[in-house]
Amino acid sequence: MVKIGIVGLGRLGKRHAENLVYRVSGCQVTAACSIVEEELAYAKDVLGVSDTYTDYADMLANADIDAVFLVTSTSLHAEQILAGLAADKHVFCEKPLAINVEDCEKVVSAAAQYNHKIATIGLVRRFDPSYMEAKRLVDAGKIGQPILVRSQTVDLDDFAEFQVPFTATSGGFVHDMWVHDFDLARWFLGSDMTEAYSIGGCYRHKGFEQYNDADNASALCKYANGTNAYFFASRTAQHGHDTRTEIVGTEGILKIGEIPNATRVEIFDRAGARQECVQDFFARFEEAFLIEAQAFVDACNGKEVALCTLEDAMNATKDAVMVTEAYKTGTLVKA
Amino acid sequence: MVKIGIVGLGRLGKRHAENLVYRVSGCQVTAACSIVEEELAYAKDVLGVSDTYTDYADMLANADIDAVFLVTSTSLHAEQILAGLAADKHVFCEKPLAINVEDCEKVVSAAAQYNHKIATIGLVRRFDPSYMEAKRLVDAGKIGQPILVRSQTVDLDDFAEFQVPFTATSGGFVHDMWVHDFDLARWFLGSDMTEAYSIGGCYRHKGFEQYNDADNASALCKYANGTNAYFFASRTAQHGHDTRTEIVGTEGILKIGEIPNATRVEIFDRAGARQECVQDFFARFEEAFLIEAQAFVDACNGKEVALCTLEDAMNATKDAVMVTEAYKTGTLVKA
Amino acid sequence: MVKIGIVGLGRLGKRHAENLVYRVSGCQVTAACSIVEEELAYAKDVLGVSDTYTDYADMLANADIDAVFLVTSTSLHAEQILAGLAADKHVFCEKPLAINVEDCEKVVSAAAQYNHKIATIGLVRRFDPSYMEAKRLVDAGKIGQPILVRSQTVDLDDFAEFQVPFTATSGGFVHDMWVHDFDLARWFLGSDMTEAYSIGGCYRHKGFEQYNDADNASALCKYANGTNAYFFASRTAQHGHDTRTEIVGTEGILKIGEIPNATRVEIFDRAGARQECVQDFFARFEEAFLIEAQAFVDACNGKEVALCTLEDAMNATKDAVMVTEAYKTGTLVKA
Amino acid sequence: MVKIGIVGLGRLGKRHAENLVYRVSGCQVTAACSIVEEELAYAKDVLGVSDTYTDYADMLANADIDAVFLVTSTSLHAEQILAGLAADKHVFCEKPLAINVEDCEKVVSAAAQYNHKIATIGLVRRFDPSYMEAKRLVDAGKIGQPILVRSQTVDLDDFAEFQVPFTATSGGFVHDMWVHDFDLARWFLGSDMTEAYSIGGCYRHKGFEQYNDADNASALCKYANGTNAYFFASRTAQHGHDTRTEIVGTEGILKIGEIPNATRVEIFDRAGARQECVQDFFARFEEAFLIEAQAFVDACNGKEVALCTLEDAMNATKDAVMVTEAYKTGTLVKA
């Protein structure tokens, strides 16, 4: 039974916490940490976690926990991971590891001495049943050698304006959205990104322009083993959250999530033959978040489980840094 | 080069005529017959057919034609077919052959002496590329033995009120809509309908009630070889014309036309992920009408072509008569 | 925190038990009962439930439990439900309530005095997110008035032979498979079945013939409010478990589960454009089983939750009895 | 009635000829020209065209024709178009106009003096009903402002090896396949390509390497109005010919041809839920070829019809030249 201290109980933090408390087996949430009063009240009243902290170091020092679950600001991830490991805790941290390679390297390097502890970053798509099935098919050779990954993260337009002020610190759409697609591309292609070209613009939400960020953008990238990837990101979808990936292999092609239908219901009415779509990433990856949390807990409990490593997360950040430069300069950037 | 006299140039007649004039090879439309002045003007002005008649017998006697193409009222079909054959013409006639079995039998019996002439009824679905492909798959044994056909004819609600006054003479939804589905069921199951049960009602268009007709109805039927069929008809669809058929076999299942998409375009907007649908049977079976007309002309020109026989049409009417009785009485009717 | 004694740990019992132990919040499995030694070993070793029983009455008398979860043979359901209620326990029981109406009525009548206790039957499809969404759309008037339900339960051929010996006691395909569809039809149509006609046969698995049971069958049924339902059951699908339902309304149509895709992966290879399908009902309704169990526990904990009542289950059995007679006699049966 | 001389009766030429002879109205094929004896025999025996030529100039001088229909080698297009116009004939020519910009400009410039004659290049996708419907939706503002086109031409692997020897003269995959996608991108985006990056490789068919050509490749391109396009070409598909296009707009997204299903038949068997796919571009664009030919004939007959202009074709070639350079050099190429 892993005792977990959860850190950060914002919108996504609450989802993680509810999974850990209600649906994941083999763990207990025994402590919670947040600088937001309402979040600690939620921990007590809704989750029944009475051991709460406003200071992370305080929690590490005093709480009865085996693991920390970090759902905090990206800028805090690196130091909080290391502090957790140093305090002899297993660590789950939301993506991204960091938005610069130096911080990633520092964490990876320092974490090496704690390799008896689990340390993982939440690149959640790897735990989605459809992506897992695609990986199984690829590994089984069903599509021959993968030679091109096309992957996109597309968000509902309604959320765009809300994102504008966060762009300064989030790393922009590349770190925030494509980091998942970069990780998937590596996972399927098994190689390092070596060259990137990226273009796009602010077509609806001019607020992103001040950050040289985009509301729609594409990137085309080369990998060391001669394979390629194309990425698309959009903040302006009208129909819903639309994450999809296509893997072109020498013997077949896989598409994952081509229609982001919310349920198995089809409606036939004056608008034609239609399906309502998932509205946000959590609706799309609800099951993946649960499987991911269960996998982390299982790993803490000593089971052999495939998790995203700190290296995986560092690699995704490396790609994001390179593509960010490509997008911001409009040039062809090489590794 | 088959010289054709077209008879009846209403909405469907015009479509047939334009196919024959512009898109079917091996024929010429050399005469037209109609009791409607506007239709003959259309024949002259649009089709360039100057040899026009208001009397069918007159056309048979005097026009330079090898074949007649009958797109007239159902009540005229039987006698017009026989008159055409008696005048030594090939005959294409729109479905149904007749709405009572006696007339069908009379035609089939009388036609036997003209078997050097082509005589066919336009059960158009047999010429739809998707239905033809399904038939090919079934005949090739791809789904084993067919054991159940589920087939429906569903029309857009907008056309329903217009149909009400025709119900008295058309034979109602069974003869008008299901005759196609009955023909398909026999085609795929290879057996005679022996028992029928049918229920439904007038849920939106009360005008059909006076004829004991329906705007939505189902039938479940048994066939002599132990197989079954389920039929559905609706006049109240909001999304379009929705003809579809499912063939359950012992080794697999085929669905034909599950989504009646108008084109290969998918739209992603506030209504979700959607496809616009075909709005009427002509849009759905446009290609089939052309293939059917070409097949008739090819047959007239001496090619070996599979056509619907008068017997096929008689059988479809037999089924329609039986199911009409089942619907009108609410009882289980046996052949 | 509801303390639950689970009864029956066969294939489905294990699934329920694992949900209750690992994924449902607000409950503990504190006791287990089975006459199968292996199942009690599983309870101890896998679930960590040490308080085990071979006798249900013994468990009711001695275990520290608030509720029983019955996953036993159909023939035991009625008496076990009543014994549980009499022992002041909440009761969840797998469907069907019974395969005769008398037993259902006895339970419903006797249960009336225990209405401070939760008593529910696991008609699991009502808890499937897609069926719930369809119900929400129907209740919101999105398709006008429902006038026809078409619903099917179709199982993979591989499981058919295994089912043969159980047919004598299970009530056959009607009670085993259609009871779900009957419940759905009532749920959507809001009325009582009044007339039924049912046909089919044993097309691949002759072993069912001795029980006058079918491997493929259809039923067409009338409801008191003038609406209709068509049902199909098959034990011979090659592609997977294929439960689907269509609701025809006066203003629109809903389809639920038209393609039983296992994941969101599409494969493009020599077999065309394809999706792999769920192989059994548990794969299709995995999420529904979890939601259902959570709903039961929530209700036990005093929350307002919609559950299937004993009356719902009795009504489904009434329909099943009527349709069984229709199938076995080949006649039109009226309520 | 337009009298047409067809030039070139290879595989595609035969398809065009059969359309013109059997299915297009308002024209007659009165002459045929080919240097291949078998093709002229086909013209006589199958098409019934007795006025045949082995020399194009001879046909222009002596045949009774109003128009020429050129289905010849790309390298002949420019001069044959100009010779046709100079002989006072309308000209239809298969794509591409030429594989270098100079030849295109020469034709466009010289053709200016014959603007009383129709001169068009067969960029056939513009006549596909689905692409036409997409264009209608875009022009009607249904997806707001188009900001990204993603378009691909993907051919069945079986045809790849056959293509290898033609690569030296065809201009390779860019001119042969992407010229269509480039034309579509311009059509939808309404702007000039200004920057291109393209990568790929020979993953299955090493024979293309000697020409620095690819069997799979991607390009990412910028347009003058700030919009973007991504292109993909593949010669290695296992499932069929898979041409599809996606148009991302500020208010919605369109996909055209996402699943290249051959018919409306779906098969459910051991391979899952599947659709067989069109095997070559002609099967996919059969209807478009017919509509295109009819449009040309209608234009010759004086009707107002939208056709692809020589400028459209020149623009597509300009893009192809630029992207070819990008692919062959691996650099970012600017207009």
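Observations on the structure shown:
Chains here go by letter, A, B, C and D, matching the order in which they are written, and residues are numbered from 1 within each.
Simple rule for what comes next: a residue touches a chain if its C-beta (ideal position, glycine included) is under 8 Å from a C-beta of that chain, and two chains touch if they have at least 3 such contacts.
Note that the coordinates shown come from a computational prediction; the quantities given were computed from them, not determined experimentally.
Among the pairs A-D and C-D, the greater number of C-beta contacts is found at A-D. Of all chains, the one whose CA centroid is most distant from that of chain B is A.
Averaged Cα coordinates give chain C a centre that lies 56 Å from the centre of chain D. We define each chain's centre as the mean of its Cα atoms; on that basis chain B and chain D are separated by 37 Å.
The distance from the centre of chain A to the centre of chain D, with each centre set as the mean of the Cα atoms, comes to 42 Å. Across the assembly, chain B contributes residues 237-239, 251-253, 258, 267-269, 276 that each touch 2 or more other chains. The touching residues of chain C, counted against chain B in their complex, run 145, 147-148, 150, 195, 197, 199-201, 203-204, 216, 218-220, 222, 226, 228, 230, 232, 234, 236-239, 248, 250-253, 258, 331-332. Put simply, chain B touches chain D in their complex at residues 21-26, 129-130, 133-134, 137, 142-143, 251-258, 262-269, 276.
The touching residues of chain C, counted against chain D in their complex, run 237-240, 242, 259-261, 267-277.
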